[in-house]
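Paired with chain B in one complex and with chain C in the other, chain A is shared by the two complexes that follow.
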Partner chain A sequence: MNQLVPLFVVIPLAGAFLIMILGRFFSELNKYLASAILLILAVFSIYSLVTTGENPALYKTGGWEPVNKIPIGIYMVMDGFTVIVLCIINIVGFLSVFYSISYIKRYTAENYYYSLFCLMVAGMNGVVLSGDLFNIFVFLEISVISAYALVAFGVEKNELEASFKYQVLGGIASFLILFGIGFIYWKTKTLNIADIRHVFSTGYNRTYYLFVEILILTGFGLKAAIIPFHAWLPDAHSSAPSPISAMLSGVLIKAAGIYVIIRLFFNMFIITENMAVLITTLGTLSMVIGVFLAIGQWDIKRLLAYHSISQMGYVVMSAGIGMILISRGIKPEIASLAVAGGIFHLVNHAVFKGLLFLNAGAIEYTIGTRDLREMGGLAKSMPATHATSFVASMSISGIPPFNGFFSKLIIIIAAVLAKFYLLAALAVIVSIITLASFLKFQRYAFFNNSDNNKNLNIKEVPFPMIFSMVVLSILCVFLSLLAIPAVRDVFLTPAINILTDTLKYSTSILGK
Partner chain B sequence: MIAYIMCFVLFLVGLYGVITKRNLVKIAVSLSIMEISVFLFFALLGYIDGGVAPIVDPADPARVYVDPLPQALVLTAIVIGLATTSMLMAIIIRLYRKYGTFDIREIKNLRG
Partner chain C sequence: MKGMTLIVKKTTQLMAGIVFMYGIYVIVHGHLTPGGGFAGGVIIAGSLILVTLAFGSDFLKLVKEEAGTTLIESFATLMFILIAVSGFFFGTRIFFNNFLPKGVVGHLISAGVLPLYNIFVGTEVAASIFIIFLSLIIFKEESAQ
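Coming up: the complex of A and B.
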């Protein structure tokens, strides 16, 4: 079990170089090699999800054993929360790369594309698995540098501009994170997250660490595009090739942003109520403002990108509610419920937003535009795209029996039980506006064919694209099963326990 | 203490440059200044007054050593910084070829 942990980083990293070298000699190899790598990783991650229970698997890089129970090597940790995020990275990653087999033919330099894709996956797996602050930074940079390159992959005006904006803001975020790591190291003299928590338990200087918490929150908030830091997201996510948009929106902002925020603020910092309220406020703001920015958009991918901000707001808000309750030390079962809703929504969002971006890519692939006003009447000619995008739209708007309904329901119930009635009401209202915005998408793209006869003789997209979309839409339906308590106990509860029982992460890794 | 404050001032100088400059290359330079200030901060963290290079001498156990870990971190971060800077410059060159200018006010296709 422990031996499996480093493979999540090593396999895609080695794959990235193999693709570059072998791709020069065998021109068709790159796509199959990349798909095979991601498929292996997806199988590994599902296996880890099933086998990792309450006990974190630990891998000490280089075999450095702790001295006097103080860790000196770099730790890689796989616990309940990690495996969930690993699963969404590698499964959505596999489906995106399989989709790319047909989609990416329009671009040149396929070798670079698949190689950068594997590097990005390696970086994200590394961020999620790392138990060491500086290592998180290194893997974060690996994944975002490949993301910068992939956003600019079209090398046209828009792509380059979006990539430049993303790089400048991402660069500032990286330096803020590095500054924060420096301040933590200054006081604690350690970089291991579990060990830092242990040092914090012995004495926590609130005023000093408030500054550090703000630095870290700003840095990872920029990477996760929470609302005051969101300016780069709609440009970058709409300019990238569609499978990459699915990866960026579905996975990267979670693995590099939300995951780290949740992990550090639950398991490393001692939660103070002020920070918890700040995080909840930022989450609520993203939820509300994101959806209002989305509703006026006519470019499908920009619309979806703004919805990503809004849906991430749900996750941050429910995690924030959990933090408030934990910092007050009351109602632990409601805190668990709120965190459960947040993680459940995180998984669901990866699936349906990935699917929606793949749908947008399929539409762009066939009719060559992203403007909703130039579409219409695609329902007859593209039945598979229509059906899957309908499932995804209903899922993101929170219509039963799709997965989005259950996660939003859990979040709203948790907010009501915690007596945050305003937040619950806002969550319902945002969900209704989301529904309105996706009905607009459905109507303009797939029906409404009064004057658009030019779209009548188009064909459905090739098999790999249909396969990815259909698998994701099936996942949309089946993930609702996680709402059943028996299923939730197996998959979600280990993650919730390790987050809400804030000391458990540190004690189970350090063994003291 | 003054060195730490200068570090922070340097960071703010970089941030000011990123926000106010309109030339793409100057923005990249400002980002590099921010980067260097963070590296300096890390280098300062490891410095201990009167410390020597951390090669342990068993004959003299009372000796004071500087902290070697921040130096390793800075080396890693410099390599990462090299990658981000070269990536940014590559994009700037491409932008110049497309737009024929370095002025950020004229590069505004994306909005809304």
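Coming up: the complex of A and C.
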């Protein structure tokens, strides 16, 4: 197993360039090749999820062994948290690319689309697997630069404007991240995350690293669109082609933003209470403000994009609660519960937000508009889209028995047990407002003015699109099983342990 | 795009070959001297750009050239990945493994797979910089039409 870790990066990277060459000679091949690549990766990631246990799998690229126990090569690390995010990336990636087989036909230059898609997946897999800071930066750039191009794929005025805004803010974020990495390298003389943690344990200059932590949090916060840094997200996510919106909202902001923030702040920096409180505050702000920005929207994809900010707020907030408890050194089991809720919600959000964007794409595909006021009565003519979007809407609003209910419940319970009553109350209120805005979506898109003659001869979308939506909606129901303690112990507990036991990551990699 | 005067054309004819050869020199000595795949690739792209600017080219030919260059670029990247993956199959079964004999330090053929990496990085960089240049001209010609 250890030997095959780099394949997560190699397969999509080679696939991207193979599509560029072969797609030129066989015009129909690109979509099947891309689907096959992502299917292999999805199967492979599920296999990794099942086989990776408590101990991180380590891969030394190029075979460079550590000298005096100081790592000198590039490390790739696959632990409990990594495999969960890998699963999200590759499964949602496969379903999005399969959905694209029908959806992307109306655009030209399909070769570029599938090639960029594979590059984006390669970059995200790289970010998640990389064990050193600089490679996180390199892979981050691979994935976001592909994302800039994919957002502008329609090359209309809106798309180009959104892509430009995304590029400017993404460029600032990359600059801040590189700046932060430089500061860390200057003081610690190493880039390996585990080794940096080891150096930090020997001496930690709090004022110096406070600046670095702020730089890193701002940089990755921009990539993750936490609230003061969210300006690019609604434009970029609503202008991209729908499968790409599903990838951006469902996966990219997690793999390139939230994952790195959680990984670095739990496993690399020494957790300080100030930072923990700051992260919790930012999470709470995103949660509350995001939902209020969302509820007034009439463009479906903008509405969904603002909800991404809000739902990511839940994840950041619960991770922040975990950090506060760890920094105070009290109630470790509640800290675990909070982190568990965060990771569980991360997985759930990838599934239901991916599904909702695919639904929005299906509606746009058939009636050609994204404005809720021009829709109505689609429930009869598009039964599959209606059923799956209902599942996703109930799931994101936290209605049992769907997965969103359980993760929100765990987050709220953890907040109450940790005596953050205000945060728990806000989480409940935000969930109710989310329900309201998704009832609006359901009513205007599927039920309103059903006697409208305009929508009578609408047909359901083609098979690949239905297939992706149905699989994701089944996942929405089945992921609730992760709330059962026995199932949680197998899949979530390794991830939680590696995060809450903050030294475990560095000791198990360095072996000291 | 129109070409330039006879003086420029003649000077370019004299210079471009030398610049191209110098790029190849920098690439193949990448493991011995400063420079390497990236620097040499940029120099090669510079010689190609020089010729295109001096002699000019019509729109259709530019588009065709851009398509061919994209193919070369993808091929070079694929070869790079192939060499990296072949580390799996030879020696200690590790990705990016330097599986060829290392040779004597200072000789042109030494350092295992590094010269091969340099050659393909050079091809890739030359192709991609030339593509950027071609795309800019094609965009300008398209908006002029």
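One rule holds for everything that comes next: the second predicted complex is superposed on the first by the 510 of 512 C-alpha atoms of A that agree within 3 Å, B and C clash if a C-alpha of one lies under 4 Å from a C-alpha of the other, contacts with A are read in each partner's own complex, and residues count from 1 in each chain.
The rule we apply is simple: a contact is a pair of C-beta atoms (placed from the backbone, for glycine too) under 8 Å apart; a residue touches a chain by one contact, two chains touch by 3 or more.
Worth saying up front: this structure is predicted, and the values here are computed from it rather than measured.
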{"item": "When chain B and chain C are modelled together on chain A, clash or fit", "value": "fit"}
{"item": "First (chain B), second (chain C), both or neither touched by A:N158", "value": "first"}
{"item": "Angle at the Cα centre of chain A, taken between the Cα centres of chain B and chain C once the superposition is applied, in steps of 10 degrees", "value": "40"}
{"item": "Broader residue contact with chain A after superposition on the shared chain, chain B or chain C", "value": "B"}
{"item": "Partner chain(s) touched by A:M20 [first = chain B, second = chain C, both, neither]", "value": "second"}
{"item": "Which of chain B and chain C A:P6 touches, first, second, both or neither", "value": "second"}
{"item": "Partner chain in contact with A:S239 - chain B first, chain C second, else both or neither", "value": "first"}
{"item": "Touched partner set for A:S174, first chain B, second chain C, both or neither", "value": "first"}
{"item": "Partner chain(s) touched by A:T61 [first = chain B, second = chain C, both, neither]", "value": "second"}
{"item": "Lowest inter-chain C-alpha distance for chain C and chain B in the superposed arrangement, angstrom", "value": "7"}
{"item": "Chain A contact footprint on chain C (complex, rising order)", "value": "67, 70-71, 74-75, 77-78, 81-82, 84-85, 87-88, 92-98"}
{"item": "Complex contact set, residues of chain A against chain C", "value": "3, 6, 10, 13-14, 17-18, 20-21, 24, 59-63"}
{"item": "Partner chain B, residues of chain A touching it in the complex", "value": "134, 137-138, 141, 145, 148-149, 152, 155-158, 160-165, 167-168, 171-172, 174-175, 178-179, 182, 185-186, 189, 191, 235, 239, 296-297, 302"}
{"item": "Residues of chain B defined as touching chain A within the complex", "value": "11, 15, 18, 24, 27, 31, 34-35, 38, 41-42, 45, 67, 69-70, 73, 76-77, 80, 83-84, 87-88, 91-92, 94-95, 98-99, 107-110, 112"}
